[in-house]
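Each in C-alpha cells, the structures are laid out below.
What follows is chain A paired twice: with chain B in the first complex and chain C in the second.
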Partner chain A sequence: MSTTLERPALSATRKADVAKDKGTLTRNQVRTGWALLAPALLHSGVFIVIPVVAVLVLSLTDYSFGDTWSWVGFGNYSELFRDVDFLASLWHTVLYAIIVIPISMAISLAVALGLNQKIRGLGFFRTAFYIPTVTATVAVATIWLWIYNPGSGLANGFLSLFGFAPNRWLADPGTALGSLMVVGIWQGLGTKIIIYLAALQGVSRDLLESADIDGANRWQKFRNVTLPALGPVQFFVLITSIVGTFQVFDLVYVMTRGGPGSETRVLVLDIYQNAFQDLKLGYASAETVIMMIVIAVFIGVGRLLQKADTND
Partner chain B sequence: MRRSVGLTLLAAALAVVASGCGSGVIDKSTDGVAPAEATGTLRVLLPSFPPSNEGRAQFQKVVEDFQQKYPKMKVEPDFATYNNLNEKMSTSIAAGIPYDVMVTGVGWIQPFASKRIFADLGAYGLTPDVIKEKSIAALIPAVTYDGKMYGYPLLADARAVALRKSAFIEAGLDPEKPPASLAELKIAAEKLTKRDKDGNITRSGFDLASASGFRQSFTTFLASTGTTLYEDGEPNFDNQAGLDTLLWIKSMINNVQPYGQVNAAQQPLVYSGEAAMGIVGGAVDCGTGGKGIGQKNCDDLKFFRFNSGKEIEYLGGDLASIGSRSVHKDAAWSFIQSLTQPSSLDAMAKLNRKLPAYKDASNSPQAKSNPLSKFVADGLVYAANENEVPANWLEMRGNFDIQLTQAVLGQKDPAKVLRNLAGQSR
Partner chain C sequence: MTSATLPAVAAAGKPSAFRPGRILLYAGLVIGALLMITPFLWMVLTAFKSELEILKFSWLPGELRWSNFSEAMQTAPFLRYFRNSALIALGETAFTLVVCTTAGYALAKMPLRGGKLMLGYFIVLLLVPFQIILVPLFMIVKSIPLFGGNNILGQGGIGWLNSWWGLIIPLGAAPFFTFLARQFFVSLPDELAQAARVDGLGEFGIFWRIMLPLIKPALITIGVFQIEAAWNGFLWPLMITTSDELRPLQLGLAIFSQNPAEIQWPYLMAGTALATLPMIVLFVFAQKRFIEGMANVGIKG
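And then the complex of A and B:
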C-alpha cells in the first residue's frame, strides 16, 4: 500500500503573488549577477574578444604597418601551408609538446610522490624543485647556455669524465631541439609538482587503508587508488602544459633564435619574426589563428583521452 | 616573455583597430611654424647612443644643440638596439604614435620606404650630390629607394680581416703577404687550424664571424669576387659566383672553424687567439681596461681586405630618417642636422666603435684612436654591402640566415637554396 502526498492547490491569487515574488526576486538576482559579472565581462571583452576578433580580421589582410593594406581573403592561410619555415615551426612545436608534456608530467608525478613521503629535508627539496619555476626564463636560459657551451660548458665537462667526446649541443642540428626540450622539462617541473603534491594530499586515506587491508601492494595502491583520484588534476596539468608548450618562446629566443638553420624554430618565434621583424602583421595574425586552432585540437584530444580514461 | 609575445601581438592588433578609429596624432603639427614658436615632443628612436650615463650625456648635447633652434620642443629619446629596432618601430606605428626620427641600418631604408613609413628627404634638399660632398658616397645606395633619398648617414660600420702574425710565422706563412682571394684564404686557414689528438679544432684557422647566420659573410665574400648581392633591387647571387662562394663557405665550416663558434666576450676570435685569422669590426681597443686586448695582442695583429678579384671591405652604417606620419618633420630634419654635427658624429663613433660618416673620416678622432679604425677608414673607397636591396629585405634577411645555414650544414642543396632565395626576393 502506498500513499501519495499532494500539495494543496493554490488559489489563483496566491499563484500570481508567488510568481510576482519569484519574478521580482529573479530580476534582482539577475541585475546583481550582471553587476558582479560586469568587470570580468568588460575585461574579457576588451582584452580577449576584441583582440581575437581583430586578429581574425587582420589575418584576412596583407597589413604590414604601412599606409596601405588590402583584403586577401584566405590568401595568408594558403601561403602559410606553402611556407617551409611555418611548417618547420609547426612540426617543431608539436614535437616539443609531444615529448615535453608526457615526460615532464611523469617526472613531476614521480617527484611529487617522493615529496609526499615523510622524509628528512622535505622543505628543502620542495623549495629546490620549485626554484626553476620562479626564476626568470632569461636567467635560466643564460645558465643553460653556459651548461651547453661546447668549449667550457658543464655538460661536456661531465660527459668527458666518462670518456665521451664533446658535443656541440645547441649548434648541432641533430641535438639542438632535444637540448631545448631538456631545459623545458626541467623548468616546468616545479609548478606540476606543486599541483600533484596538493592533489596527493587529498587522496582518501580511507581508501588507501582499505587497499592495505585487502593486501594491495604499493603499485596496486598507486594504480587503483592514487592515480584515479588524480584524474581531474592530471587533466588540469595536461591542459596548462599544452598551452605552455605551444607558447614556448623565451627559451628559444634567448638560447638559439630558432637556429641552427630553422632546427629549433617554434610557432611563437615564427609569429614574432613575421610580425615584428618582417612586419607582416596580417600573415602573423593568420599564423596565430592556426596556433589557436592547433591548441584547441590538442585540448580536445586531451579531453577525449581523459573521458576514455574515466570510463575505464 | 612567451605570453607577452602573444599579448603584444593581440595588443598590436587592438591598437591597429584603435588607431584606425582615431587620427593617431598626439601633437599638433609644427610644420610651417616658426622654429622658435613650435611646441610639442619630438620622438626619436635610435640605436646610436647606448643608454649608459655617457650615452645619455652625449645625446643631451645633441638635444641642446637642437633646442637652440627649437627652444620649446621637447625631445623624447628611445635608446634601442638593432635587435629590437623593428619591434619598437612596428608597435609604435600600430599604437598610432610613430617616431619622428628613426635611425636604422643598411638594408632598412628600402623596406620602410616602400611601406611609406619613411619620408622622402628630397623635400629638405637631400640629393646624392649632397651626400657625396658631405658624407660617405658608398652609403648612397643604402639610403636610396626608387630614386629618392630616405636617410642621412650618421655612422659607417666597416669590417676588415685580421691575422695573428705569430700564428702565421708558426705555420710557416708570411704575415706580410696575407692571403686575399678565397682560394688563398682556404689554403692558409687549413694550415693555421690546430686540432687535438681526437681531431677537434682547438684553434680556428679562420673566423667567419657567422655564428648567427651567414648573410653578411656571404655578401662580403661574394662582393670580393666582384659580384654584388643585388643590382637595382634584383637578385644577383643565383649564378656561378654565388654558388662558388656558398660552396667555399661550406668547405670552411667544420674544416677550419666549428659551426657556431663564439666566445663569452662576444669579441672577434682573432683578438683572443682563438682564431689565427678572421673578420673583425671597425675598431680595436689596444688598452688593458674594459674590452681592451692589450698592446701586445694589438701588435700581433695585421689587417687586410678580401680580394678575390675585387678588393672590398663590408660596410654597414647608422642612417637617420624621418617618419612619414610625423607632424614635426621640419623639426625632425633640424634634429638630424644636430645629429650630423661633426662633434656629435665623433661622440657617436666613439660610443659605438664605428666611424663618423663625414667626408674626411680618415682624419677623425676615432680613426686616429686605433689602428683598425684607421685601416677601415682609409679603405672606405673599397666599401661593399648588399647594395640596393629589394622591398622585402626585412623578410629576406631572416631567409638568408636560415637557408644559407641549412646549405652550409649540408641540410639543403646550395644551388637550390640560392635559387629559392632569388625567387623569394621581390
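And then the complex of A and C:
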C-alpha cells in the first residue's frame, strides 16, 4: 500500500527532471535530424518534385528551348490524340505491358515455387536467373540483336534444328514487337523471382501443415494458403512491373529504333524524339502527363483485380 | 529385423531421390537456367569467332581468337568508356551513401515533427519513374546557376550538360536508397544511442561513430545497387552528353551497334562481354547483398 502511495510523488519530481533533460536533448536531436535530412530533401526537391510539377505546367505551353513561348491550354493534348505516332506508341506500350506483366509474374512465381522446394544447387539457379537482371539493358539488347539476326543468329539456327523456316524477327512487322517482349520477359524474371522467393520463405509453416492435416492437395494449399499470404508482395511486384514496362526504352532504342515502320514505337521513345530531336518540349511534356495517367489507371485496375481476387 | 527396417528405409529414401515430380522439377529448372545463360554463352563464343565464321550459324569458334578483344578495344575508345563508367559509378555511389544514409538515419531515429510525413514523401517519390521527369530535369540541369557559362539566374550557358556534375548528381541519392537505409536503421535498438548519449557523445557523433558502423552490410547493399544502376545507365547520359570524352560504356556500345550494315559482330560481342563482366562478377561476389536488399524492400515495403 505505502509504496503505491509514494510512487506518484517520487516520479513527479523525477519526471520534471527527465523532461527538462529530455527537452534539450530532444531539441538537439531535432536540430541534428533536420540537418541530416536536409541534403536529401534539397536534392529530391530540385531533381524530382520540381520536375514533376514542371512537367504539368510545361504541358500547357509550346516551349521549345527558344526565348519566346506561350500558353496553349490543352492544345498539346488535343493535338496528341490526332498524332498517329503517339497513338501507335501508346498502343504498343499498353500491349507490351498487358502481355509482359502477367507472363513474367506467372513464370517468376512458378520458378520461385520450384526453388522453394529445398532443392540442390539453389545458389546456381538463383545466379542463373538473376544474371540478366544485373546486366545492362543495352548489353542485353545488343546480345539479342545478334540472336535475332536473320542470317546467322541463334534464334533461327536453333529453330532450324526442329525444321522451322527462318524468321526475320525484328525486321518483320508481324513479329518485331513480340520479339522485344520475349527479351523484356527474359530480362525481368530475376528480380521478381528473388522477391517471391523471399516472400515464400515467410509463408506460415503452421498453416501449410494444418492444411496437410485437413487433407488439402498441392493446388488447394497453393490457392488457399500460399497465394493469399503473398498478397502484399504480389501488389509490390505488380506496381514495379507496371512502372518498369512503361519505361521500356533502352531495349527498343538499340534493337529497332521503333521500326520496322513504327511497329515497335513506344511511349518513352516517342517522348525522347519529340523532346530532344524535334525540340518540342511542351508537346513531349503533355505526352508524359498522359503516360502518368495511364500508369495510374493500370495501378488502380491492378489493385481492383487483386482485391477481387482476395475477396472471393 | 531386416524385414522390418528395409521397407522403412526404402520409403524414406525414395521420395527425395526418384520421385517423378522431383525429376520434372529439376528438368524444368535446368531448362529455365539454360535459357537464361545461353545468350551470354553465345555472346562469349561469338566474341572468339572470325568475320567469316559468323556468316553461317555455328556454335563453336574454329579457334579462340583472343585478338578480337584487343582489336575491339581499338575500333572504339572502349578504354575511355570504361574509365568514364567507373568514374560515374564511383561518384554516384559516394554521393548516394552520404546523402541517403544521413537522411535514412534521421527518418528512422530522430524525433522529427512530421517524420512520418517525410517518410511518406520519400516513399511516394520512390514511385516516380525517371522517364516521367526527363524533360524538365534536362531543363533544370541546363540552367544550374554559375556553371557551364550560366549567369546567376541560370541563363546563357549549358549548366551541367556535358559535365561530370550532370552525369553524377541528378541521378544519385535516389529516394529508393534513402528508404532502404531507413529500413536498416529502424531495426537497430535505441538503447545504443541512449548509452552513447549518457557517455556525452553528440548527436552527430552517435550517427557517425556508433550507428553507421553497425549497418555496414546495408552500406554494401546500397553501394552494390547504386554501382549497378550507374554502370547500366543509358538514357540520361544519352540525353546530356554530346562529347565522346564523357560517354559511358553503354552509350559507347549503343553507338557501336547503330549501323547494322557495318556491325562487326565478333568485335561487338567482345565489347559487350567486357562491358557485362564487371557487373556479373560484382553480382557473384555480392549475391547475398543483392538478394537481401531486394527482399527487404519488396517485403517490408
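Convention: the second predicted complex is superposed on the first by the 268 of 312 C-alpha atoms of A that agree within 3 Å, B and C clash if a C-alpha of one lies under 4 Å from a C-alpha of the other, contacts with A are read in each partner's own complex, and residues count from 1 in each chain.
Keep in mind that, in the parts below, a contact is a pair of C-beta atoms (placed from the backbone, for glycine too) under 8 Å apart; a residue touches a chain by one contact, two chains touch by 3 or more.
Because the structure is a prediction, the values reported are computed rather than measured.
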item: Partners on chain A (chain B, chain C) - clash or fit; value: clash
item: First, second, both or neither for A:V138, with chain B first and chain C second; value: both
item: More chain A residues in contact - chain B or chain C; value: C
item: Which superposed partner A:P150 touches (first chain B, second chain C, both, neither); value: first
item: Touched partner set for A:S262, first chain B, second chain C, both or neither; value: first
item: Touched partner set for A:L279, first chain B, second chain C, both or neither; value: first
item: Contacts of A:D250 with chain B and chain C, given as first, second, both or neither; value: both
item: Chain B versus chain C as contact partner of A:R168, first or second or both or neither; value: first
item: Listed stretches 42-50, 114-122, 132-140 or 186-194 of chain C, narrowed to the one that overlaps chain B; value: 132-140
item: Chain C-contacting residues of chain A that also contact chain B; value: 47, 50-52, 54-55, 58, 137-138, 149, 247, 249-250, 253, 268, 271-272, 275-276, 281, 284-285, 288
item: Contact set on chain C toward chain A in their complex; value: 25-26, 28-29, 32-33, 35-40, 42-43, 46, 54-58, 98-100, 102-103, 105-107, 110-113, 115, 118, 121-122, 125, 127-140, 169-170, 172-173, 175, 178, 197, 202-204, 207, 228, 231-232, 234-235, 238-239, 249-251, 253-254, 257, 265, 268-269, 272, 275-276, 279-280, 282-284, 287, 290-291, 294-295, 298-299, 301
item: Residues of chain A that touch chain B when the two form their complex; value: 47, 50-52, 54-55, 58, 63-68, 85, 137-138, 149-150, 165-166, 168, 170-171, 173, 247-251, 253, 257-262, 265, 268, 271-273, 275-281, 284-285, 288
item: Residue ranges of chain B in contact with chain A within the complex; value: 1-3, 5-6, 8-14, 16-17, 86-87, 89-91, 93-94, 111, 114-117, 198, 200, 212-213, 258-260, 264, 324, 392, 394-395, 397-399, 401-403, 405-406, 409, 411
item: Partner chain C, residues of chain A touching it in the complex; value: 25-26, 28-37, 39-41, 43-44, 46-52, 54-55, 58, 111, 114-115, 117, 119, 123-132, 134-140, 142-147, 149, 151-154, 156-157, 160, 186, 189, 191, 194-195, 197-199, 202, 232-233, 236-237, 239, 243, 246-247, 249-250, 253-254, 268, 271-272, 275-276, 281, 284-285, 288, 291-292, 295
